[in-house]
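Sharing a structure below in structure tokens format, with a few things to ask.
Chains: A, B, C, D and E, in written order; residue numbering restarts at 1 for each.
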Amino acid sequence: MDFTAPVLNYALLAPILIVLGGALLGVLIEAFAPRASRHNSQLFVTVASLVIALSALLRVRKQVSVSAAMGSITFDGAGVLFQASILVIAILSVFLIADQENFTALPAAVPGSDEERHSLQTDMRVTEVYPLTLFAVAGMLLFPLSSDLITLFVALEMLSLPLYLMAGLSRRRRLLSQEAALKYFLLGAFSSAFFLFGVAYLYGYSGSITFSGIQASIVGGSGNDVFLLLGIAFISVGLLFKVGAVPFHAWSPDVYQGAPTAITGFMAAATKVAAFGAILRIFYVAFANAEWQWRPALILISIVTMVFGSVVAISQRDVKRMLAYSSIAHAGFLLAGVIALSKAGLEASIFYLFAYGIATVGAFGIVTLVRDSAGEVTDLNRWSGLGKRSPVIASAFAFFLLAFAGIPLTSGFIGKFSIFSAAYESGSTAVLIAGVLSSAIAAFFYIRVIVLMFFKDPAEDGTSVLIPSGLTKTTIAITSVITLVLGVYPAPLINFIASSAFFIR
Amino acid sequence: MLTIQTPEAVMFWVLAPVAVLAALGMLLVKKAVHSALLLAWVMITLAIFYIAQDALFLGIVQIVVYTGAVMMLFLFILMLVGVDASDSLTETIPGLRPIAITAAVGFGGLLVSLIGRATLGHGAVGLDSANGAGNVQALAKLLFSTYVWPFEVVSALLITAALGAMVLAHHQRTVARPTQREQAIARFRGDSLGSAAGLPNPGVFARHNAVDVPALLPDGSAAPNSISATLKARGDMLDSAQFELGEVDNTVTEEK
Amino acid sequence: MVTSTSLVYLIALPLFGAAILLLAGRRSDKWGHLLATALSAGSFGVGLYQLSQMLSRPTAERAITQKLFSWIAVGTFKVDAGLLLDQLSICFVLLITGVGTLIHIYSISYMSHDENRRRFFAYLNLFIAAMLLLVLGNSYLNLYVGWEGVGLASYLLIGFWNQKPAYATASKKAFVMNRVGDMGLSFAIMISFATLGTVSFAGVQAASHTASKAALTAIGIMLLVAATGKSAQFPLQAWLGDAMAGPTPVSALIHAATMVTAGVYLIVRSNFIFDAAPTAQLLVVIVGAITLMFGALVGTAKDDIKKALAASTMSQIGYMILGAGLGPAGYAFAIMHLLTHGFFKAGMFLGAGSVMHGMNDQVDMRRYGALRKFMPITFATFGLGYLAIIGVPPFAGFYSKDAIIETAFNAGGVKGILLGSTALLGAAITAFYMTRVMVLTFTSKERWEDDQHPHESPLLMWIPMAILAIGSVTTGFLFTRGHALVHWLTPVVGERAEGGKVLLQPAVVSGLALVAVIIGVAIAVSKYQLGKVDSVAPQNVSVFTRIARKDLMQDSFNEAVFMKPGQALTALLVKGDDKVIDGAVRGIAATALGTGSTLRRTQTGFARSYAAFILIGAIVLIAAIWVVTQ
Amino acid sequence: MNALTTMMLLPLIGSILVAVIPSDQVLRIKQAALGTTLLVAISGILAWVKFDSSNTALQFVESAKWIPSFGINYAVGVDGLAIVLILMSVLLAPIVVLAGWNESEGGRWSPKVFYILILVLETMMIGVFAATDVFLFYVFFEAMLIPVYFLIGGFGTGERAAAAVKFLLYSLFGGLLMLASIIGLYVISGANGGHTFDITRLSELHMHMSSMTQNLLFLGFFIAFAIKAPLWPLHTWLPDAAAASTPGTSVLLLGVLDKVGTFGMIRFCLALFPDASKTFTPLIIVLAVISIIYGAFLAIGARDIKRLIAYTSISHFGFITLGIFAMTSQGMSGATLYMFNHGFSTAALFLVAGWMQSRRGSSTIADFGGLQRVTPVMAWTFFIAGMSSLALPGLSSFVSEFLVLVGTYTRYPVAAVIATFGIVLAALYILIPVQKALHGPTTPGNENLSDLNLREKIAIAPVIAIIVALGFYPSPLLNVINPASAHVLEVQGFTDPVPSESAGK
Amino acid sequence: MNPYNYLYVAGLLFTIGAIGVVIRRNAIVVFMCVELMLNAANLTLVTFARINGTLDGQVVAFFTMVVAACEVVVGLAIIVTIYRSRRSASVDDASLLKR
């Protein structure tokens, strides 16, 4: 029995470990700190651990290693970019999460009960969301770095479980929130099962569960491709579920709507980065040599996703649902980057993910502000005239919508341009055309919201915009500025991405 | 090269159909608890399969953790939700049933057909060499060297699960429970001294002495505070009007 | 060619006047009319000076040019803002400025009660400037500017009293029908540039020697179209009658003496094209012949004095066009008739204005009668013009019209006989309807209402009438003495071919014409002087009269053939734009929305159906695998 | 500093200036806006004076790296065509500000917003004509939609919101098609010597494209421009937008923005895809001729004065397109001159129509009558503008229209002949409203309308002056345009047809 | 006998589990069906481990069990919460979020 002690490169694992440490600290605070101080200390610990993780990450951003954790993760430029994006998005999201109006005071209390009422009156908070968020962030950080199927699976569950939970913690309309959690959980578990089944077949095909082992088998395999393709197909089901690609999208509108808005924003932005990071890595590293087999299917899914998302979004009446369908459409656009299977595609995807994630956090941040006496107002009809009531907030939201629509001088445009050009460069004319057409359709509903906000008179129904708290204000301001700067002068970021966007095997 | 011995084949041909049937049964029985039991049976079968396939450790874990712990958790929750509850199996979502059946046939058929079509380019190797030093030892070596990172990370998952369960289930006390002293002070410093002597017992001066029947005050009216707040909240309080004095039925004489 | 620096003043003076009067607005109400008249007279003075200069030069150097600046130069399309004054243009310059100045003077009095008199004078000056540009431009494109400029001035003046909807409509009609003609001019210029590579008169003339007949014919026909529009020739004649909505001096200047004759100018100016394009030339004479009969027939039925005169104008221009279509033989006579007509018709219009002035703006001749006694000067000047137009020797019309009739007869063959007879018949009818006008207005019994007090017009009005009357008497004689005008114009229009076969001698034609005139006069006199005239037009008249009264159904025709279908087409397109094109756009939007709403139904809210989607997605994927690994 | 960059920066600075002035100091805001636009106009005139018309190369060239990894530069420069259009734009801006002195006040938002939007739009207007980098052009092309959208929707009248949306969606649709083509170009450039958006380098690219590719890419650009310019049948947004906008916005919309379409056809369609341009010329000629006649008929049938003007513009844009694709020096120069002239004659029409509307409270033609008696100056202004619109010789439009017709006739006689019928229809569509609104008896409701005040006279006077002056003396512009249009044709390999009957034959 | 036979069984079990998720309404039963699917995957993994002669498959299966346990905890907590709010464990009753 020759057992060699495993070697872990803690410097490279530091971001994940710091976040996990923060989460554990949070759990301890939950257990021991007095209730009154919990919120602030949790917030502090959360933000601090994210910031420290980010700085730790940036310290090692130039390093490259396939053996950071015994081959379980690959630390490379693309990984750094994914992790950095996730951390930035997470920090901005935490500012939104800090707003107590988002969360129920006592999740265990039955909706409508005296207990719930009382807990609301006593200003209680579920401060557990902070450690849960950190756990999710840790999973997200791990997800795009995973280079074997076990780690990938564990990371998938690690980012999913906290999200399942947090989806059910909404302060208002708790039945909807709990329903969202149930749906998210059941469907998530269902897709995880597919994912695992795919893992099994890939393992069967290659005898290895590492990406490089799979890639080696594809190159030098002697059998036929059935197990490989089954594996790719089932794993794709699991991964595409996470990004909300059609036909694995159905959970996202319901969950986006039901979950607390801050969580929706976090989930929409960060999960997408993490999941696409993983998708990009597995397709670029493990499956690249089998591109002729999976590419047509992915092209089809990409096209269907972008068109479906855009078309259905048109008829939505709820702002969160609309953003959900918009995110489905964006998932389709992002798949174009996967299809590209080139360095340009990778760079474009990373830029797009970051830009989209930032804008998404900002947009949902604004959604949290539009309220009436019963909580958030997400019915679009009641957003009419918002531009009159609070022009700054409405303008910011309009700006984010324009970014989603890909109007020049917003980050969305640069992203759209780069990702479509990468796809087209790799020969996917169909994706380009479908992307352009569905962008046109998508513009329809983004503009409709702008019309509602600016060109319709406000309805006298008590909808108002909350004066944003300092943290929410910070998030909205930062996301707006980033969205603008990335639209006007994206060169530094693009250069940075170009210099470090690569996968190593 | 792996050769499968006859006992294993026999075991397979006996247990595999049973497992599949049990799984099917799980779909078709009405009571959730029956489903759970059938699932437990499938799992045990699988544990046997694992052991037969040189995965001794997994087989044990399957029985202990999966069947033992996880399935028990399921059953526990089923108890909580109501063990007698039985599902109606009639389909309420239009069109789903045919889709489901088509999907069943299609998915299963395609999968089986594809497995049949698959080749690996090598025969089955068998685990004899891999398990050379013992299955558990070999697994341990992998777990603590190659897969140590996911192994560590899984701990975070467990904490998440614990935290999650607590978030959703833990009832934090929203108000401090009043001490006896506080209760006493409250009684005597109240608006009246009516409650100073303690709350009336239910059923007092009433024809019923059940706990859901409020006591009648000397003026003949019902005293709602004589019964448990829980019963009140559930609406299980009986109407006190029928127990007012003076409505004694004299036609019925008590048996002697 | 001799260059000059002073030609531009001819145009600049009246243009300046128009600009001042329009920009200064009401501030210039007091003196505007005087300034305008002075500038018009000044332009006339420059014209006389140019004439004297021209006479002082040898024949070959009489044409002078002035290049102002390069107007449009793109590629080989180079057009200068250049002016050309030659023997042909000087005739027009003097006619325009001379008659124009007289009419300015007349209008000072005629319009004295109109609060917008200044604006009227501004328009008049604008017209003078545009008309001068028309005849002075050295290229077709410069001519085109003047061509449309006079159209604009005509539009403004016809619609001077546009608060009356009918008048506003009349002005619009005039402009639009003119534009149809202008289109012809555009075509001519385009074809000219595309085929000959130039649009200047000199360039086209030079190129016309080598150009193919087809190209020249095309250009010629298009020029004819332009001429029919501006000169109210068949088939674009319908606007002229309505144009009488303008103040009478306008009718005299624009719609009798000058603008409407621009078509004749154009054809004569383009003689080198028509000479080389017999088909186009034939069309010119046909148009001229038809129009002269058309106008004459309409003239017989009109009770409105101005409309009767307008019909007569149309008919007389028909003569000119006819003459111009007869080639080198006729150009000079066409111009001669144009000039004499300018005098006598302007004089008659002014006379008509004078009558209206005295009759409270009554225009219905059936309400006139015996005005001879009340307006002797008007009667005298009008009468001289009358004698000139019907061609009584030795008045001007006799010389000019007979020359055209004679040339027509001598055009050769059947064509000559047909044209000649038509012209002759036209002369007879002219005599008839002009006599009718004369009799109904001046010599028949009084038919006016009691509250009217006919009186003679003031000095400022009758002096121009008198001067024009003198012109009506003398010009014909002057122009024909020693073939003065023919020789004068020869350098421009070319030598007339001498020695051709002559069908009828001049004396014979004159005789025939005189007979025709006498017949016409006799019928008119017997019918109107001796017979009874109703003060209201009788309705139980022959169908021919009714048709003639309706201008030979020209408006009905245009309405049925162009207006109604045009309006229907417009309505159809408006509807189609909304329903079909925009409908398609909206339809796409609605389709997207509808698809969205339909697909939205897939989101049933049941987690199980979502799971089914995932399952189906997975099935599709493995089905694809099943297919590809076959 | 580069003249063009300066011109683009000035309005931006002005807009910041306006932004910092308190909203209640409306007069100060207007003065600042007017001052800025005047300053820009002066610098525009200076640039025009400095422009060396004998040099066919791009002038005032400036280039700076913007997004180097995509080969995107901030590259500006003008040729004779662009400088003329920039001149038009900067001259129109102060006129619009002055003429619409009060139109900013009836809007949904404060006048401040109006002027900020106008100034930002001015920057983009200059940029779109000056850009020599296709990407930069596209950015301006799309981004300028947004201020216009808000100008229509926020300050317009009637169905402004719907019109704004229609405008934006139409334009975005076209823009996205163009984006697809731009991506195509980008990718092809990458395959042939490195990614670039430099117009000069891209114009050499057509040699590397198959004719199919070239045709498709051409269509992407052309449809975008045909929507912008509006060419039948992509025109239906224009009447709605024009009718709903404020007059000033309409002026900028029809006068400047739509020119981007026709300008783009020359600058991009012809330069980048010479072969495809030739292939599609017959089709485009047909569409142009249809536009001319169709627009005229719809103008005749229009009941609303602003819609009428919009339809006349459709007709005029038909002429411009016809001139461009006639591929003769007369057509090309005429079309460019037409763009300039149309800017001013339409400006005059819209401004007067706007004044009529603001006085009468209606823009229906039938509501007016006899204005010549009541408001002679306004009536005259309208009349002169109308005369220019119907291309009366002596006014500016005539020169350009005739050049287009002559130029077209030499190559496409049939098209020219049909187009010429447009001049008869033009007489109708101008004289009908003139008759109905200005002539005839003064109808009830119009008796007390006030005539133009001094400010309005000052605003309209330069427009009228330019219309008249250029009618008689277009050389200052033609001298600048001619070498440039000759250069375009030379690059295209076209020479003017030789006169068929010329003596030299 | 061929070890592939285990794969067939696993495939069938997975299919049955997947169908169960679609047709059963009790959230707990649905979740049990998911567990069945996971078990099927595990069986596949174990079988492949045997076929390939490496233990990685078994390690994956082991992780799966751990992960599944965590999932069960979270999942059942969610189901209980829903049940307490709605007095029903039917997934069909939780269908307020739609369209």
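One rule holds for everything that comes next: a contact is a pair of C-beta atoms (placed from the backbone, for glycine too) under 8 Å apart; a residue touches a chain by one contact, two chains touch by 3 or more.
From a predicted model like this one, the values you see are computed outputs, not experimental measurements.
> How many steps does it take, at the fewest, to get from chain B to chain D if each step moves to a chain that touches the one before?
The fewest touching-chain steps linking chain B to chain D number 2.
> Of the chains shown, whose Cα mean is nearest the mean of all protein Cα atoms?
Given all protein C-alpha atoms shown, the central chain works out to be D.
> Could you tell me between which two chains the number of C-beta pairs in contact is largest?
Ranked by contacting C-beta pairs, first place goes to B-E.
> Using mean CA coordinates as chain centres, what's the gap between chain A and chain D in Å?
44
> Would you kindly tell me how far, in whole Å, the mean C-alpha position of chain E lies from that of chain C?
Going by mean C-alpha positions, chain C sits 95 Å from chain E.
> Return the distance between the CA-based centres of chain A and chain B, expressed in whole Å.
One centre to the other, that is 32 Å.
> Report, in whole Å, the distance between the mean C-alpha point of chain A and the mean C-alpha point of chain E.
The computed centroid separation for chain A versus chain E comes out at 25 Å.
> Touching two or more other chains, which residues of chain D qualify?
Answer for chain D, listing residues that touch two or more other chains: 169.
> Mark out which residues of chain A touch at least two other chains, giving numbers and ranges.
Each of 107-108, 150, 154, 157, 161, 164-165, 168, 182-183, 186, 190, 194, 204, 224, 226, 230, 253-254, 444 in chain A touches at least two other chains.
> Mind pulling the residue numbers of chain B that touch at least two other chains?
93, 96, 99-100, 103, 107, 111, 114-115, 117, 120, 147, 150, 154, 157, 160-161, 164, 167-169
> Name the touching chain pairs, would you?
Inter-chain contacts occur between A-B, A-C, A-D, A-E, B-C, B-E, C-D, C-E.
> Can you list the residues on chain E that touch chain A in the complex?
Those in contact with chain A are residues 7, 10, 14, 17-18, 21, 27, 30-31, 34, 37-38, 40-42, 44-45, 47-49, 51-54, 56-57, 59-60, 63-64, 67, 70-71, 74-75, 77-79, 81-82, 84-86, 91, 94-99.
> Once bound in the complex, which stretches of chain B touch chain A?
The touching residues are 111, 114-115, 117-122, 133, 137, 141, 144-150, 153-154, 156-157, 159-161, 163-164, 166-172, 174-175, 233.
> Give every residue of chain D touching chain C within the complex, in rising order.
Interface residues on the chain D side: 166, 169-170, 232-233, 235-236, 294, 297-298, 300-302, 328-330, 333-334, 370, 372-373, 376-377, 380, 387, 392-394, 398-399, 402-403, 405-407, 409-410, 413, 416-417, 420-421, 423-424, 426-428, 431-432, 434-435, 438-442, 472-475, 478, 482, 485-486, 496-503.
> For chain E, which residues count as touching chain B in their complex?
Residue positions touching the partner: 1-9, 11-20, 22-26, 28-29, 31-33, 35-36, 39, 42-43, 46-47, 49-56, 58-59, 61-63, 65-74, 76-81, 83, 89-90, 92.
> Considering the complex alone, what residue numbers of chain A touch chain C?
182-183, 186-187, 190-191, 194, 224-226, 229-230, 233-234, 236-237, 241, 246-251, 253-254, 293, 297, 308, 311-316, 441, 444
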